[in-house]
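A, B and C are the chain letters, set down in written order, and residue numbers restart from 1 in every chain.
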Amino acid sequence: MNLQISLQQFQGPLDLLLTLIQKQELDISKISLSQVADQYLKFINENKHIPFNKLLDFLAIASQLIILKTRALLPYLSDDAEEESEDNLIIKLQNYQLYLNLAKKLQNRLENQQSISFSRLSKSINFRLDESSITLPLLQKTAARLLTQKVKPMPITALKKIFNIQEKLKQINDYLKQKEKFLFSELVGRTSSKIEIIISFLALLELSKAGVVFISQKEMFEEITIMKHGT
Amino acid sequence: MEHETWNKIKSIVESLLFAAGKPISYNQIAKILKIDQKEAEQTIRQMQKEYQEQKRGFRIVSNNYQAEMTSAPENAEMLSQFLNYEKSAISQAKIEALTVLAYKGPLTQAELEEIRGVNCSVILRNLKIDDLIDGIKQGDMIKYQVSVKFLKMLGIESVEELQSNVNCLLS
Amino acid sequence: MEHETWNKIKSIVESLLFAAGKPISYNQIAKILKIDQKEAEQTIRQMQKEYQEQKRGFRIVSNNYQAEMTSAPENAEMLSQFLNYEKSAISQAKIEALTVLAYKGPLTQAELEEIRGVNCSVILRNLKIDDLIDGIKQGDMIKYQVSVKFLKMLGIESVEELQSNVNCLLS
């Protein structure tokens, strides 16, 4: 499905999610969220130039969607905390939708209504500064107060390529060409990024669903073995 | 309060609001009249009611412990012509943030971000520069709420007028 | 005149006189309300009487077929207190704006607002009237800088002198 959308159209991740859900004429629910999760991730993938501060907001929701989708695929992976966070996301979206409707109403009112209260158009009051009150020490003190707040530099390095699910899928495919059987730990290698591990896992689930691989795990928390289907 | 005193206070507050031509804080009114802030607020509420009942040509818009005397919204059409008023458009993002603040405010930046799901530092700064919101210090925190200027654009006298309609809908 | 109509007319005249902030002619009022000048004058006379009787905080001063709304003279002393508050608030804001322009200037209005976090159109206008800043055209933009008069008040010769002074302080 071609989304034909760009970041500029959206106020943020909630706006994007709502739009995706509404496009499919769905209600806001866990099911609809897991249905649009792929499109959401694809959107982030395709918009390489999301400014860093916005990217963080989009990623925060993305990680929730990934977990939600994982659980939809594997319903027995149940966790109360996660379920609560899913419920929260749904409430957040419902509220957000309500605010959007209210915003539309306010916008209409501002544009069309005839009721405006006007201020008195008096000449603004002006006082000349007392010349003796302006001194160099006062200026320096004021400058120190106003001009020294430094802006913290943003850590732009970390989150650059984490989000490429397609890339992960390709990587696993390449892996499968060389080996018919390998361990999940081999796949994630030395990465310590939780999101990357989740993405790898999600990519695996996708491949499993598509019948490309077969996944097995002997016990909980044991190593996961991935096998090419048919071996 | 004695009737005589009340009339005197009302007259002074009226003069102050009239002369200011912009919002004045309850605190400032209280200081000038040597009454307490609560009394200043009550006086203003009372005057708001009176102006409405008497269908006067002016009203008082109040918010964030501030009040401004304005023209009556029902006369806007005549006044727009007289003042050559042109509506200025507000961007979608700004409207969205203003809506959340108007219905749910005052909110901290973090609370607003939780609802909107995006970082709001830039938009809050810009709304502040536009005079469309006020930042109110509460302890260490700053809470944001729509300004008197925004209410004037809607022709309403207080946020309560908006909030009473929809509060039950928002969880 | 019917009671209803009279109330409506009074409300609009009140709005007009309030919002105008300066004298308006009876003729202008008559035109806006589509009544004749005589009626406009009568309305204003009536309102003058009402304001006095009700001891309101404002009055209508009329002269040469013009009317202007003013604050009630008996509250002048209280108003002068308000103006004192205003004076210190304005001085504070002016010193802040001048400081930013002195050390960071020349700046556009938007750049100054970004640093101060508040709308600066009024203050820039007033500082220009005071001759404490200059506006320099750069392409489409106007950049503001402290004036020679301001430097003289500080007893220094150039902005560079000022800026070198404080650069070590800021970095």
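The criterion applied here is as follows: a residue touches a chain if its C-beta (ideal position, glycine included) is under 8 Å from a C-beta of that chain, and two chains touch if they have at least 3 such contacts.
Quick caveat: nothing in here was measured; it's all calculated off a predicted structure.
In this assembly, the chain whose C-alpha centre lies farthest from chain B is A.
In this view the innermost chain, defined by its CA centroid being closest to the centroid of all protein CA atoms, is B.
One finds 35 Å separating the Cα centroids of chain A and chain B.
Separating the CA-averaged centres of chain B and chain C is a span of 19 Å. A separation of 46 Å divides the Cα centre of chain A from that of chain C. Those residues of chain A in touch with two or more other chains are numbered 118-122, 124-125.
Residue positions of chain C touching 2 or more other chains, listed in rising order: 15, 18-21. Those residues of chain C whose C-beta lies close enough to touch chain B in the complex are 7, 10-21, 32-33, 55-58, 69, 71-72, 74-75, 78-79, 81-82, 85, 113-114, 117-119. The residues of chain A lying in touch with chain B in their complex are 11-15, 53-54, 56-57, 60-61, 91-92, 94-96, 98-100, 102-103, 106-107, 109-111, 113-122, 124-125.
In the complex of the two chains, the chain A residues touching chain C come out as 118-131, 133-136, 138-140, 142-144, 146-148. The residues of chain B lying in touch with chain A in their complex are 18-19, 21-22, 59, 61, 68-74, 76-77, 79-80, 83, 85, 87, 89-90, 92-93, 95-96, 98-100, 102-103, 114-119, 151-157, 166, 169-171. Looking at the complex, you find that chain C touches chain A at residues 15, 18-22, 83, 86-87, 90-91, 94-96, 98-100, 102-104, 115-116, 122, 125-126, 129-130, 132, 150, 153-156, 162, 165-166, 169-170.
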